[in-house]
Amino acid sequence: MMVGFFVASESFFFLMLILAYVNFHGSQVDGPTAVNSLNPIVTGIFSLFLLASSFTIWLAGKSLKNKNHRMLKFWLLVTILFGAIFIFGQGIEWAGLIEKNITISRNVFGTTFFSLTGFHGFHVCVGLIMLSILLGLALFGDFKGPKSDAVECVSIYWHFVDGVWIVVFSVIYLWAFL
Amino acid sequence: MGVFIKGEKEMSIIQLLTSSWTLEPWVLVFALVLMAGYGLATGFRFRGKTVIFSTGVIIMLLSVVSPLDYLGRHYLFSAHMAQHILLLLIVPLLLLLGIPESATQKALNIKPIGAVMKALGNPIIAWFLGVGSMWVWHMPSLHNVVLQNDDLYIAQQISFVIIGMIFWWPVFAPVEDRRLSPLASTLYLASACLGCTILGIIITFASAGLYSAYVNPADTAGILPYLRNDLCITPGVDQQIGGLTMWVPGCLIYLTASMITIAKWYASPEADELTAHSGGSVLAEAGSYKRK
Amino acid sequence: MSSRFPLVPENAESLPTLNESEGMLSWVASIDHKQIGIMYLICTAVFFFIGGIEALLMRVQLAQPENHFLSPEVYNQMFTMHGTTMIFLVAMPFLIGAGVYLVPLMIGARDMAFPRLNALSFWLFLFGGILVYYSFLTQSGASDVGWFAYSPLSEKPFSLNKGPTYWALGLLAAGIGSIASGLNNIITIFTLRTPGMTLRRVPLFVWMILVTSFLIIIAMPIIGSAFAMMLIDRLLGAAFFTPAHGGSAILWQHFFWGFGHPEVYILVLPAFGIISEVIPVFSRKPIYGYAFVAGSTVAIGLLSFGVWAHHMFAVGLGNVANAFFALVSMLIAVPTGIKIFNWVATMWGGKIHFATPMLFATAFIIEFVIGGLTGVAIASAPLDWTVTDSYFIVAHFHYTIFGGTVFAIFAGIYYWFPKITGRMMSETLGKWHFWLTIVGFNMTFFIQHFLGVMGMPRRTYTYHDLPYWGSMNLLSTIGAFILAISVIVFILNVIVSLRKGNVAGDNPWNAWTLEWATSSPPPVHNFDLVPPVRGRRPLWDLAHPDMPDEPNAKIV
Amino acid sequence: MENLGGLFNPSSPQLETMAGLTYYMIGVAVIILAIIVIAVTIIIIRFRKKPGDDVEPYQEFGSLKLEVVWTIIPLGIVAVLFLLTCNTMRAVSPPAGDKEADLVVIGHQWWWELRYPKYGIITANEVHLPVGKNLLVRLESIDVIHDFWVPELARKMDLVPGHPNYMWLIASEPGVYLGACAEFCGDQHANMRIRIIAQEEDEFNEWVKQQQVIPSTPTSGQAAEGAQLFQDMACMNCHTIFGTPAAARVGPNLTHLSDRQTIGAGVLTNTPENLTKWLTNPQKYKPGAYMPNMKLSNSEVKSIVAYLEALK
């Protein structure tokens, strides 16, 4: 419940960033824009990993329910991997943009894009840390199951981060190329 | 000022185009089907709820055949939005409130219907349908297409009514046990309100000409100069009115609804949890204290 | 008699509590909601004095036209920090603190749902505040762009000093703190109520805290996000709010007021709660129309998010937008009015004991109504076009925030002081404090309505010697000093009463809510036994078994 | 009342309508307040606890009827006030459409740049306008948000960078109307004042003509030295004087300075003495303003003053 409300509160934080992006999306800016500087395909593929990770953490919770600790560890590991891959993808994209001298201070697109994806990436990283802690605990044989608040909370948070990305992705990438 | 412009417009428009009462057959069909279905369901017995229901149907008819429809389709985004609010929020609510409990109960007892309503009546699904219909139908690209294409246009309007009913179901379902708890439904409505508020805000503060179809429409009825010059409804103003119509009246409806649920909640009697929780014996000793 | 109470339900893990013998440590390390609550109150008091001194300095500067007491830079820092302090570091944390102290007691709980989180939010608030004030030590002084920090004035090219950066950082931290306590309150109220204490029976103060907490967890992220963007602008040279680089100056205003207006209700709803507790007890009657007082709160909460642009009528959003916002803003007056009328109706036909808390509560009604009515007036856009950003507005929101929130806070302090400390406050000093406050407050701010209408802009460090301006401002300044004296009397009262006030006993006011069912000050575990809750006034039901509330309560 | 100024002395049709609305609003407010106050007074008198009377009063929980009443009535009042509001809004700020602005006001920290596109006049801090003519004003800002406020003549309107606003400005009586910036805009926000000088049609045209002439640069005497100094010193990096190389926009246009009533956006009245004081140390009179203390010698100051006074 706590996490539920926390997530709700968090979503307003992102809502504002997204509104800021939307607000400037219409305005014609000189210099780079979403259309001419982003690659929806590549990012889309990386996004799939994030979506998948949402599924795997669900599996993790499931396997905890039927006290299958090996699978729990396994699925947690997979989730972390997928998350990491996504972050890696983001890293590549940022590096590419910065090489093209598209930075946060270049123009409004840069500003909004980097802030939005940056804050999301930050949340993903936090999620990864929490997941790793879970994994560690799991390895030390905590979580007797069938129920664990820790696992549930983290997975709610993870689903949230995932959901935010779906919105962000559709706003930044899909909308631009619609 | 919005209000003023609208008020005046309605009048002068009615003078201007008494001809534009667009009476498409499908509307009548839909309305008749509804009334017939209602009659069958209630066994053609007249009661208070019948009035509510038929008011709903009548408002629906009016909002679809009246100049409001014509304007909303060819000239003004704001008019479209007003109609949208009517069809998506007001009409379905009235229809839903009009349906008597017994009939619904019967209907729900029929396996498939019951199952379907269980699925659709699920708050989350209903919420996403309700808010979704706001967002999806107002994606500029889609909306512009809809205005050109008759079938889509009809589909849109019917969908408003149906989705509207699904949306209200968790709050005002005729059958008690299908409703959300009052606080839950307040959250449900508040979040829905937020959902369309955001869209309203975006439309209101977006640069003018979001919906290209309305920027310079084909002036088939020759009232464009009147609208633009005498009433000063430039595309920008029009879009603002539209956005704010979706936002403010929309939200006020949600607000009233949640107020009503809360009021009902307070009115309903309070169960004495105490005996349930801690041992009755202790309370018996609380002795002189007796409940009437 | 206590043996007849059913046992308090086990509802929180037993906490590692430090006893007094550990001195300061028992406070610093405390996760007990009462200690944290008291720390909130003390810190806000400190900030209140600082903010007050800033206000006095401003009034001295304005006492005469063309005065050179303060330099413009200093003056601007003063009013910026005064606003920031009073809003973020006094009113809001005080009410949160009061909630933290009272809510568990009122719903018969052992502690907050997340005691450690509770401590965290307090320390976040405190250090956030310190960070904001630390900026005074930077070479160019504190933030001087106003508590609203309108861009682009608050952006790099126009304010190169570090002030605004510290300001945003500090408030961001404090904001996260309040989000945490908001969540904490919600969960506490939803999950830790003692049996029988249904949501329809919780004291109105708890209701208000609940709604406020919802406002907090929605509004605070909004401003947090805005602060983040502002910091990104200032530190990384981004362009959210700098028109020169394609940003938008108006966007900041939308974000800021999108938070700023709900904030107003965050400040005033708990105050309503306090009043709704005090008035019934001293009128010896139950609150009139409980359901409507509570329901109207929800209405206010929902409406409060649709009105922010009435702070922006002069920005040029277009008449249509202005009209709609005017409408919604005026609508808020309706639920607020409902509350006022219900309080009056509660007093009507009662047998009112005008102790200091009740005096403040009564004054609250009048002063707040004045503020509310001027509020309705300026909700009407054309009127706002003439008086906005003038001293009329200053008068208006001081009537709502001081005449409303602060009066309620004083009422609350006099009311719950016995519970918190176990000693009564001195009535004589209390009366002195009350009357000095009334005189000083109205003298300071009522005249400002006229100054505003006559055309004196806000936030000006000096003004020309136009007819009457000097004298009116002087009057206002004198009032401010009377107000200051009243505060000194109040401090005196607190100190004296702490030393040798009469011992209070469990229930000095013979009130009806659960917090009075335990000893004062309450034990670490709050309750040995919780009385049975069968209505909104458990202690009344105990005292008058022959006529319990609930059967009648169905009227509403 | 008049000398109270502001809303007490509305001097334009628009402000009169606004004042009217204000009286309605305040009237309603006072009535409501009166009701509450009376109720509370009665309560204080009738319902205070008599000493020794410890019987609890009748426990009353509320009445649905009353609640409905005091929900509906305020709703009605709000509705009325809202309609009044809408009326006034339309009267006060009619849509500008796509008309060309008669006057462009550009906000600077901390002075006003004024342009009359139709006459090609550029001046500062003092608006001249013909009595009874409704001017369409366009408001812009080159730095931060300012707000154009002449309490006796017109509504407030912000000067937002990157978001030009339009408003109507009209004076029904000739005279000088004081105004100021109403949106906090930095250190010298307090000293960002504007004067509206409403003149009869012919006087105004007179002023226009005389503004349009480009003054000849003096060639002899102190004034000439002043002219020279104006070029050599940093003056011309910020200021414009028509007919000379000086053409910068950072500070006010000084071409017809001698015709203006004040210096430094209303800090000092415009007399040679004050001008001297000002040039010797502007920071003394407007601390934080962007005009630095040029450390001019007295003789230099004198000659520059002579020059500026000579510009006619």
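The chains carry the letters A, B, C and D, assigned in the order they are written, with residues numbered from 1 in each.
One rule holds in what follows: a residue touches a chain if its C-beta (ideal position, glycine included) is under 8 Å from a C-beta of that chain, and two chains touch if they have at least 3 such contacts.
Values in this document were obtained by computation on a predicted structure and should not be read as measured data.
The interface carrying the most C-beta pairs in contact is the one between chains C-D. Distance between Cα centroids is largest for the pairing of chain B with D. Mean C-alpha position of chain A lies 50 Å from that of chain D.
Chain centres here are Cα means. That of chain A falls 35 Å from that of chain B. Rounded to whole angstrom units, the spacing between the C-alpha centres of chain B and chain D is 47. Residues of chain A found to touch two or more other chains are 15, 23, 27.
Looking at chain D, residues 82, 86, 89-90, 95 sit in touch with two or more other chains.
Shown for chain B are the residues in touch with two or more other chains, namely 1, 3, 205, 237.
Residue ranges on chain C touching chain A, taken from their complex, read 113-114, 179, 182-183, 186-187, 190-191, 217-218, 220-222, 224-226, 228-229, 232-233, 236-240, 245-248, 251, 255, 258. Residues 1-3, 183, 186, 190, 193-194, 197, 204-205, 236-237, 240-241, 244, 247-248, 251-252, 255, 258-259, 262-263, 265-267, 269-270, 272-274, 276-279, 282-283, 285-292 of chain B are the ones that touch chain C when the two sit in their complex. Those residues of chain B whose C-beta lies close enough to touch chain A in the complex are 141, 198, 201-202, 205-207. The touching residues of chain A, when paired with chain B in their complex, are 15, 19, 22-23, 26-27, 178.
Contact residues of chain C toward chain B in the complex are 4-7, 9, 195-196, 198-201, 254, 290-291, 294-295, 298-299, 302-303, 305-306, 317-324, 327-328, 331, 532-534, 541-542, 545, 548, 550-551, 553-554, 556.
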